[in-house]
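Multiple structures are listed underneath, in structure tokens.
Heads up, the next two complexes both have subunit A, just with different partners, subunit B and then subunit C.
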Partner chain A sequence: MQRDVGSFPLAPGLRAKLIGAGFQTAEELLEIGPCELSKEIGISKEEALETLQIVRRECHSNATRTTGEPETVKKCTALELLEQEQARGFIITFCSALDDILGGGVQLTKITEICGAPGVGKTQLCMQLAVDVQIPECFGGLAGEAVFIDTEGSFIVDRVADIATACVQHCQLIAETHQEEDFQKSLETFSLESILSHIYYFRCHDYTELLAQVYLLPDFLSEHSKVQLVIVDGIAFPFRHDLEDLSLRTRLLNGLAQQLISIANAHKLAVVLTNQMTTRIGQSQSMLVPALGESWGHAATIRLIFHWDNKQRLATLYKSPSQKESTVPFHITPNGFRDVHPPPSSQTPAEIEINPRKRPRLEGENQ
Partner chain B sequence: MDWDQFDMNPKVIAAVKKANIKSIKEILNLSGADLQRLTKLSSMDVQCLLKTVSGTLRKSCVLTGAVYICTEDVFPNKRLQQLIDQQHKFRADVPLDVIQKIKFGNSIFIEHVADLDTFYNCITKRITLLLSRGMVRLVVIDSMAALFRGEFGAKDSVTKAKYLQTFGAKLHSLSSRYRTPILCINQVTDAVDETDVGQSNFGLLDKNVSPALGLTWSNQLLMRLMASRLTQSQQSPVGALQHIGSVLRTLRVVFAPHLPQSFCCYAVDLEGVKGVKVKSPL
Partner chain C sequence: MQQLSGRPLSETDQSLPRMLLGGSSCCGEVGDFEKVVRCGSMATKKLRRAGLSQELCDRLSRHQITTCRDFLCLSLLELMKVTGQSYQNVQKLLCKVSLACAPKMQTAYEMKMKRAINPSSAFLSTTLHGLDKALHGGVACGSLTEVTGPPGCGKTQFCLMMSVLATLPISMGGLHGAVIYIDTESAFGAERLVEIAGHRFPNYFVTEEKLFSMTRNIHLYPELTCDCVLKRIETLEEEIISKKVKLVIIDSIASVVRKEFDMKLQGNLLERSNFLARGASLLKYLAEEFSIPTQIPGLQHLCLLIVFPQQVWVILTNQITTRLNNGLDVQANIVSPADDLCLFEVSGASGSKDQELGYVTAALGNTWSHSVNTRLILQYHDLHTKQVLVAKSPVAPFAAFFYTIENSGLVLQDGKDHPDASWEGCSPILQAIRVRTSILKDGFPSATADTVKLEPPI
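Let's look at the complex of A and B:
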């Protein structure tokens, strides 16, 4: 306890004697008994006992005050965590190759970062995910809602409407081949209007607004408990101008990352960020690296880098705690984010779609 | 102009009517001091009047005027006059009297800036006035590359990047605040290195040029279009059919959040820029 002796509720004369004898912090006081204290500073034994009692009581109540909040340290075993993770779903991207390398899709409770040059498809994936998180559970989705925080103004509603319409049609096709009742019932609530009305859109114009929005997010989320996805499109843009002091920028970004991690864990949702690329000049060549510096690289759990190879768009899984690094091609079609070639139909497509959570998890899950 | 429809103090409305002001444009074209003199209102009331009126104009999505920021040579005024004079032919679908009533020249504001600080001053202070009064709904910057040409060497890349990021952020905030599109013109540089072409051309490999100002500027943009001329060999089968005499050009979407990478053809005439339908695939 490094609390200063002068901050305790003691008589001024007593305080002066303590400081004069060399006692600076409460820790030093707690170490000695009342007899030694009375000898050291020349007070009666009763006074010394009283002083020590006051200090001990204050320190104790201080300690309980900080841990008195409902966030008690929870203990759980790794087995429980594994079961929780397997029961949790993923947010599919509609590009089965990308879903495969991600281990099923975008994971909940984790931060996924998408980096890439302008125009490669980052915002497209974000818009696709904002629609996909709302797919009803019987079609393999999470039936959740999405928060979209836009810093660059690249959220174009017409495009989201196109993607949403294509998604609804896709689910309608599945429902037609499988004449089950709950499919038809879910389709009634899964329409273009409902999809658009469950994407909560925020526009932030500078880093102050962005920080404020993220710090206020827990309040919003407690009112909208069905939100399963938070997207920040363009986390680099507001931080790359205006901020002269780079150490301030690092501090702010670290705080932001901490806040996002805590939101992701507390509300069991996925956080998706998009980042810009910048050129790093090396000794002999220059290469493209994600912006915002090295320390920001630790913020995201999973990092995807989108890039071009001739005319083909590629997605590389660059950082992941459970999947290996790999690259897959993808397409942006008028219907949204898709594979380059349709996935091989070893099973009927309808069977693959239904409840991927019930799919046996064998290979690909690196335990 | 029905002044009663505005949500203003009746005293202000009465003063405007008495001063015989006929249109919103008249109000916005006058300075604050002139308005005070004409309407005999206090400066607070005049500010209130300006705010209400320009707010109405902005919400109404009426296209009012444009600002053209010229960073290179003198603005080609003769060509602008030509376009204005030919407008009735160009827009044959609009009745002649409607076009003749519009004073195009009055709504085009031209700024000349030669260096970075003047440019920054222009976009932060000068055009903000026009935008806030709703007098312009389009900002054209011709061109961004000219501002940076010759001023920055290889080791000044950090300063250059800072300027580009500041400008980009400022233009974004203007565009968002006043709901105004901003059109920037950029130039191209030759792509020398093989590795450049792949990353900076965003998938348009058939061009051997890449946009100037690099990745930093590309990161500031919402969308990018590339204009180019068709070479003679590409033109002849198509051009001869459609447009005899004019050079055929293409406008291609390089990237946009809501558009596929499509293109269209156009030609530049005496009357202006006209789209051209291409029958055979290019």
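Let's look at the complex of A and C:
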């Protein structure tokens, strides 16, 4: 109640008038009615009413907070968080080695950044994830939908269709070995058409459109509540050539990162960003580092770097709060993102039950 | 011609003679890149059209905020200050302005349906059967395809061939449209074009009338400076609509860049990256808007060479200089990757690995490689045969094909005679490329091709 008038979210001009008229705390403001207020500081009655409503609303939520009912402030114990984390699913990448080093797959409520040189497979992984998030729950997926924000124009529908077809076939083969009813039922809804219809695609041509789209994203997500994955393919591209003012760029990027983090937490979804590589020139050599500078490095919780080693593509987990740094090889096949060597097929039936998305490898299979 | 950058007509007219005198007229006016406004961009949409009230727009323009871009770049507190509105109202305004700028949503399914309605126009077939199959149809519409390789490999021949193909009727696999050919090297030869057309499609081009109508549909624009190229790309939007253009070829981006940006000057690096990135994003925008294939042949040497350790560069230079020095005093600049490296000293040709290099910069290769969607590399195999590699493609795996250059343009060879036709592929920015290393040996053109292997930087 003793809250300072200047701290309310009022228009600056209005604030100045209130302070000029001598109002200092909220209590003083709430004592008078709107007509008196309007006469005293010279504003219209509607404005006065609006001001009082804002002040009242803020004070009310303050009051409930102080009486010990946590409405807006979320507070929970680490045990509750542990239970939540264990129950939460992951988005698999179909490359089991990569899933292992990530601790199960791409995590929800976190931002994962994929950096890499051109052509190494970042967009391929994004397209794979957009399909994988839709895998039905009985197969070990999340049955969610995906938002794909494309700034580079590298999203090719035909390729996504290929990946989706391969994923549907994979699930069909699993369903055949299990012969359970709900598997068959979910397969009916998991088809190429439904997968493609649940990938929401936005093409942003420059950073203004990207900023606008991210502002509007919370509203979009409230309408489409099943979205569990937001992909921004090419967060670096619009910011690297158009912006001369580096401090503006840092500010905009930080703002974007904050908005994405809050979206990830509020809607419990995973955010995946792809970044480019740039060259840092050292004393006697130069190295490839992720673009957008050092401060951007703080935005992502988990960072993967894709790179080449002669003819083999490698993925390195560069930054993670819970997993250790390691490198695994991967392949891009016509079916999508895959392991280099298939995982061992010597699994007991009990293991197969636990992990329904793994199926015994058949001879002569093209993986 | 319409003046889009706002400069008076006389200035543009004078740019031609200035440039012929050899001066790098663009370097001094480098700031003009920012002044060039891209047509059709949502960012420069005026706030008035975004639905804000006139009074608010006037108030904002007093603070120099006139476009959606300016509005969205401010933080919430700054917006409250300049609009004089409360926090909630400012959020509503932000929503309104964002709605005016944000792209429309499509589902992947809708995109597929759109493609399915017009399957033939999703790709332009190259008539090189193996290559078409690998690329799922040919040169993709709506994205940038880059053709690169050492000089003399056939990039311009490839472009001439594609020009002819684009003008053919749809029943023959063409696009039945016009072609815009932006030529920076004066490499375009109309006679060669007609020769290719006549030999490749002898049954179609039987009358002179057919040949003339084909050539009438190919619009040639010689541009000699970066600024001109950029301005030309600006005006493309209107040309494409008025002339019903289906294929845009830029031959070649590298030569203007190399001419104007002296890589030894450090400041030029940023300008060059900006120019390339701006060009790439303009072309991508056009490609998507009109879903036409956009082709850019020609970094004559590789934009694939990005960062490399000193040894590799030394090997490259040495192989070439020693070979050429056999009886001929030719400069190593013929194949110099001066686009991508900034060398200060290369001492000697002894092949020692300890040579000092100054420093290497990588802007062109890296930035540019991120911008193109598909990359085809043309390289030498032996005297007559050359190879085309699919080095980067979102739909195709790595693939290699042999071809020769004949009267009818490029002709694919069977892979059976060539044992090492397989290619596992590697990072597209580090692909080893076969260059033609000896020009004359004992007075005769000889055909050894050396593979330049590059090591990854890390």
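Here are a few things to note about the model shown:
By our rule, the second predicted complex is superposed on the first by the 275 of 367 C-alpha atoms of A that agree within 3 Å, B and C clash if a C-alpha of one lies under 4 Å from a C-alpha of the other, contacts with A are read in each partner's own complex, and residues count from 1 in each chain.
Quick note on the criterion: a residue touches a chain if its C-beta (ideal position, glycine included) is under 8 Å from a C-beta of that chain, and two chains touch if they have at least 3 such contacts.
What you are looking at is a predicted structure, and each value in this text was computed from that prediction instead of being measured.
Aligning the two structures on subunit A places subunit B and subunit C in a clash.
Of the two partner chains placed by superposition, A:173 touches none, neither subunit B nor subunit C. Judged by the touch definition given at the top, the superposed model places A:11 against subunit C, while subunit B stays out of reach. By the touch criterion defined above, A:120 reaches both subunit B and subunit C.
When the two complexes are overlaid on their common chain A, residue A:30 makes contact with neither subunit B nor subunit C. Ranking subunit B and subunit C by residues of subunit A touched puts C first.
Residue contacts after overlaying the shared chain place A:202 against subunit C, while subunit B stays out of touching range.
Applying the stated contact rule after C-alpha superposition, one finds that A:340 touches neither subunit B nor subunit C. Contacts of A:266 after superposition: neither subunit B nor subunit C is touched.
Of the two partner chains, neither subunit B nor subunit C is touched by A:21. Note on the superposed arrangement: subunit B collides with the subunit C stretch 289-297, while the other options among 37-45, 289-297 or 325-333 stay free of clashes. In the superposition on chain A, the residues of subunit A contacting both subunit B and subunit C are 117-120, 123-124, 152-154, 156, 158-159, 203, 205-206, 237, 240-242, 276-279, 285, 288, 307-311, 332, 334. Across the complex, subunit B is touched by residues 117-120, 123-124, 127, 152-156, 158-159, 203, 205-206, 236-238, 240-242, 276-279, 285, 288, 291, 307-311, 313, 332, 334 of subunit A. Considering their complex, residues 162, 165-166, 168-169, 172-173, 175-176, 195, 198-203, 205, 214-216, 218-222, 224, 254-258, 260 of subunit B touch subunit A. Touching subunit A in their complex are the following residues of subunit C: 34, 41-43, 68-69, 72-73, 75, 80-81, 84-89, 94-95, 97-109, 111-112, 115, 136, 140, 142-143, 273-274, 277-278, 281, 284-285, 287-288, 306-307, 309-310, 359-363, 366-367, 369-371, 373, 375, 391-392, 394-395, 397, 424-430, 456-458. By the touch criterion stated above, subunit A contacts subunit C in their complex at residues 9-14, 50, 54, 117-120, 123-124, 130, 148, 152-154, 156-161, 193, 195-209, 211-213, 215-216, 219-220, 237, 240-242, 244, 248, 251-252, 255, 276-279, 281, 285-288, 307-311, 332, 334.
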